[in-house]
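Each of the next two complexes has subunit A plus one more chain, namely subunit B in the first and subunit C in the second.
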Partner chain A sequence: MNKRTAYLFIFPSVFLTLVLGVYPLLWALRYMFYNYQGYGDPIFVGFGNFARLLRDAEFWQSVVNTGIYAAGKLIVTIPLSLILAFILNRKLRGRTVLRAIYYLPTVFSASVMSIVFFIIFNSYNGVLNQFLLKFHIIGAPISWLGPDYAMLTTIMIAIWGAVGNYMLLFLAGLQGIPEDLYEAASLDGASEVRKLWSITIPLLGPVMQMIIMLAITISLKGYESIMVLTEGGPYGKTEVMYLYLFKLLFPVSPEAPVQQQLGYGSAVGFVTAIIVGIVTILYFYLSRKLNKMY
Partner chain B sequence: MVIKYTGKTLLWVFLLITAAVTLFPIVIVVSGSFMTNLELTSGAHILPDVWQFSNYVTAWTKANFSRFTWNSLFVSVMTTIGTLLVSSMAAYAVDRAKFPGKGIYTGLMASTLFISIGAVVLRPQFDLMVVLGLQKSLWGVILILISAHAATYFIMIGFLRNIPRELDEAAWIDGCHPASVFWRIILPLLRPALAVAGLGVFQNSWNEYILPLVFTLSNPDLQTLPVGLSNLRYGFGAASESQLMLTGACISILPLLVVYVFANKSFMQVTLGAVKG
Partner chain C sequence: MQKRWLQVVGSTMLVVALAACSSNSSSTDSSTSSSSASSGGKTKIVYWTPDRHDAEFMQSKVDEFNKTNKDNIEVDMNVMGDNYPQAVDIAFASKQAPDVLQIDDFETYVKKGYLTPINDYMSDEMKQTFKDVIIDHKNEIDGKIYTLPNTGQTWRLIYNEDLFKQAGISAPPKTLDEMVQDAKKITDMGKAQGIYGFASPLKGVSGFGRPANTVGPAGVTTGVDGYNYVTGEFDFSMYKDIALAMRQMMTDGSMLPGVESLDIDPLRAQFAQGKIGMYFNHSGEPGVYKDQFPTQVKWAAAPPPTKDGKIVGAVQVIGGSYIGISADSPNKDAAWKFMNYVYSTDLQTKYYENGYGVSLIPTVLEHATKPTIPGIAGFLPRKYDALYPANPLSATESQVEGPKWTEDFVKYVLTGGDVDGIINDLNTRYNAALKQARDSGLTTIKADPSFSSAKLEGKLSKDE
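Let's turn to the complex of A and B:
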């Protein structure tokens, strides 16, 4: 194939990526130095947006909320999916069916399932409260989406949607470990626990490191289901940083009737991406250090 | 012996409880979509007493779900075709030809996978569509979804590497035009990759929420299933009753659920393929 034909073949991909992927990035990099409300002339404010961001208590609260949300999600998701992967990697009757069941939630739209969870977790007449009351597990309805429980509820929903995905990734990692290592260990009389400790965990290490890194970035970026379920409320208790960002740019919900802020929003978007980047890199170096120590 | 059996029982209790918790919301969508509002909001039933098939008629006709379904189908089919075409063409050129800028291109594709400034990009994307006159149709949404084809590209190139070069080189020597080599030889050989990646693209665009939400704010007739459905929360329209929300949810998850029952392995391949790239 000559050069000209090659360029013709990658042209649609390059064009779309530059116009709809790169240009919007540059746009944001420019407007983060402006005060721009979406109409009229943008006013250059230098680092004014960043100064404002440093004092923006609502933004920093959303960063804290993101931390709680991501940590809560990962603390349960990672061990649970790892345990399920360990179990389903062994010969077990019905494991294909179980694997298909656990993976099922990842197939559906987060926003659609959030509508369903909205009906399930509704405090006043939600399906979950009905069942808990019916079996006398609770005496009075729990306000799942109220200020005390909303974060816990969104975390539970995130876990529900994520476990199957990471189970599958861990399973793929486990299947990459050569079977003969286990056979050799069995011949030498190693116990199951010993095999887990001396073969599985060390060999799964690098894969696990990548999977956890992926899980961290995904959990920091997720906001779709929260947006549908609580819109960040009540009282901003479940407002994560990418949701706060969305509301600055598209104040669409009836509960957030504020001015569209494109300049400030661009600055927040930039800082948010930096925060995600820093956390990811930090994790990467820490986990590498831990790996070496091990 | 006793210890072994208790261990096994505990293991199965754990597995089955996890399965039940996983399935509960999905069972509620399907069965709740056939309940009356009263039954759903106070009945504490798993299955409806009387199956209300009329919910589907109401959702389909009065709550605009026929429109939403058509829009979702249109966006997903067009996005899938476009993404597969754009990414397999690019992968073909990058894997089979030498040209300056190849490394830059690969770097560009990889970086679009990692850099994300969230919803900020939607505004300039929307402005561009206004310039092109595409903001009042779903083509804007489709083009933007196609532009995010890096993951599919990496699946394609991974697959192409395993297709022997001799096959297409023989065709070139015979005087076949590169375009027809691509169309007649490469695409048919890529079929398994196209099927898996296509399923993933279809699933993602079918489930996409934020992008069509922003693009159809002032145009309810263009809304897709996730957008139309989430608007029901505010109690607009004829379907603010919870059972109709579940009917709508069921309409939007049903196509994927049916395909999943028959081809769940392919769905899993999508996840693994996308990560491997």
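Let's turn to the complex of A and C:
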């Protein structure tokens, strides 16, 4: 392959990255210093949008909510998908079908599945409440999407949607571990638990590091199912960073027109990206430190 | 050589792409508009609308226009899907705007330079027909008229007559206290069967906005949307009574369980099944219960209850802006001929009589036969229904820091708190944002010391 062919091959992706990635980024970097609604002359406000952001309690609450949502999702998803991967890596009857079933939620659109979950969880005629009431497990409907349980419900749905995906990545990692290591350990009389701690987990380390990093960034950026399920409500209880940002840039109101806040939205977008970046770098740094320790 | 060749091609494509991405709304070069064309002697006009409920009727009228007009104009009507505002923005940015379009946000469309003034096109007779319903910042800005009203939404308390009868209530409530008591009676009577007295779609902020903007402005003469037209400032105390009433119904257990996760359509589905005693909404409901959620429930619409049972102000009619001509259209004269046809008394009368919307055109209301679709009777315009002048809410909310007024009140209804404190905080934040919006030139709307919403009464209908 000569150089010209090589450049021609990489040209489309470089071109699209510049137009669809770099240009909008530069655009947002410029407008975060302006008060701009998408029409008329943008008004330069310097760091005014950032000062407003520092005072914006709703935004900081959304940051806290994002932390709760991401932590709740990851604490359950990572161990659960690892356990499933272990189980489905063994020679089980029907394991291919089971793998497909666990992976299936990843294939469905998050928005469509959220509508289905809304039918299950809504308080007034949801399937779950009807079931619990019918079997006298509860005496009155539980408000699964109310202030007390809405975050828990959205986390459960997020776990359901993510487990199969990470299970598949762990499976790929497990299958990359040479079988002869296990055979040698068996000959030495190692138990299954010993094999898990001394072979599987250490060799799965780099894959796990990558999967956890991926899971952190996806969890911090997730908002689609929350938007369908609760719209960030009730009164901001499930408002996460990217949903808050989305509403600033693409506001929709059934009652009256609402204006885009492209300037302030750009500033919020910049800060949310910084937050996600810091968390990811922090994780990367800590995981490397741990790698060196063990 | 290879490198230079690639650099040239790459740079050219990048420049072209970036130029396509950049929007220059002030450009009026209509020669690039690709939405319409004169071909084969016919002048083609593209018309965009987001309305689906009247699509069949309007398409038949467009077909009729295409067959009967003597100017060889052919209109292509496109019923757009969701995200209509975004579709319009993209169309204008990419010079593919339709010639005639329905207006989603009048003031913003004018500021973005999307619309053509129609003053010079309008005949004297037409100006006379619409003189009482042309509103500043809804139809005209700085004396330039861009659009005219057709239909609007009248807002009412919707109630289940069967449940009222079963609970021993003889008439819909006139005061907010009666509404709270009626909701409790219905709940006490029907809770075992999952029947509750009141509901509102509190999943979104409209769950408070709908009842609040129906009841609040009826009890005061100063304004709507929390805006006091007299002082030119925001004063959310107009919503205190309805907030207290809704909170009381919440505390009493008279609200449908799960209202905090309820959208308007699931609410309607529950109402159609006879599970809800009352809720607030607009004149779209008769069509909803005819086609979308057909129901056996006997229901009706009543005037909004107020604190003392009297309507002293005016109940806001939502509407006023309908269709306009694109500033980019190369065939504005032909576009006006179609627009003129859509606004003709004949077409608008049939539109109203068929129940597609409550007309805002006085001559249509006077001469048309009243629509007969079940439930519409309670929504027909009354003396107290009125179009309000535009207010600076939208511009203010683009500057306001902290939660919006509807968010704060939804939280109050669900969890309680200090309603006076909430109102004071909202007034402070909204008035600071309003000052900023005025200083930035986002709004030019000022105080009108002579304003009284009582003066708006009777312009649409004289019926008490």
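Here is the rule we go by: the second predicted complex is superposed on the first by the 271 of 294 C-alpha atoms of A that agree within 3 Å, B and C clash if a C-alpha of one lies under 4 Å from a C-alpha of the other, contacts with A are read in each partner's own complex, and residues count from 1 in each chain.
FYI, a contact is a pair of C-beta atoms (placed from the backbone, for glycine too) under 8 Å apart; a residue touches a chain by one contact, two chains touch by 3 or more.
Nothing here was measured: the structure is a model prediction, and the numbers come from that model.
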| item | value |
| --- | --- |
| Contacts of A:Phe250 with subunit B and subunit C, given as first, second, both or neither | both |
| Partner chain in contact with A:Ser13 - subunit B first, subunit C second, else both or neither | first |
| Touched partner set for A:Leu145, first subunit B, second subunit C, both or neither | second |
| Partner chain in contact with A:Trp197 - subunit B first, subunit C second, else both or neither | neither |
| First (subunit B), second (subunit C), both or neither touched by A:Ala273 | first |
| First (subunit B), second (subunit C), both or neither touched by A:Leu84 | first |
| First (subunit B), second (subunit C), both or neither touched by A:Lys3 | both |
| Partner chain in contact with A:Gly21 - subunit B first, subunit C second, else both or neither | first |
| Touched partner set for A:Asn125, first subunit B, second subunit C, both or neither | both |
| Common ground on subunit A, meaning residues reached by subunit C in one complex and by subunit B in the other | 3, 7-8, 14, 19, 23, 38, 118, 122, 125, 250, 254 |
| For the subunit A and subunit C complex, residues of the former touching the latter | 3-4, 7-8, 11, 14-15, 18-19, 23, 35, 37-40, 43, 52, 55-58, 118, 121-126, 140-141, 143-147, 150, 230-231, 233-236, 250, 253-261 |
| Subunit B partner contacts - residues on subunit A that touch it in the complex | 1-3, 5-10, 12-14, 16-17, 19-25, 27-28, 38, 80, 84, 87, 98-120, 122, 125, 127, 130-131, 133-134, 160, 163-165, 168-169, 172, 214, 221, 223-224, 227-228, 242, 245-246, 249-250, 252, 254, 262, 265-266, 269-270, 272-273, 276 |
| Subunit A-touching residues of subunit C, taken from the complex the two chains share | 2-3, 6, 9-10, 13-14, 17-18, 21, 25, 85-86, 89, 104-105, 107-108, 111-113, 202-206, 209-210, 213, 225, 256-262, 264, 266, 270, 275, 318, 393-395, 397-399, 401-403, 407, 410-411, 414-415, 440-442 |
| Subunit B to subunit A touching residues, read off their complex | 11, 15, 18-19, 21-23, 25-26, 28-29, 32, 40-44, 85-87, 89-90, 92-94, 96-100, 105, 108-109, 112, 115-125, 128, 143-144, 146-150, 153, 172, 178-179, 182, 203, 206-210, 213-214, 217, 225-226, 229-230, 232-234, 242, 245-246, 248-249, 252-253, 256-257, 260, 264, 267-268, 271-272, 275 |
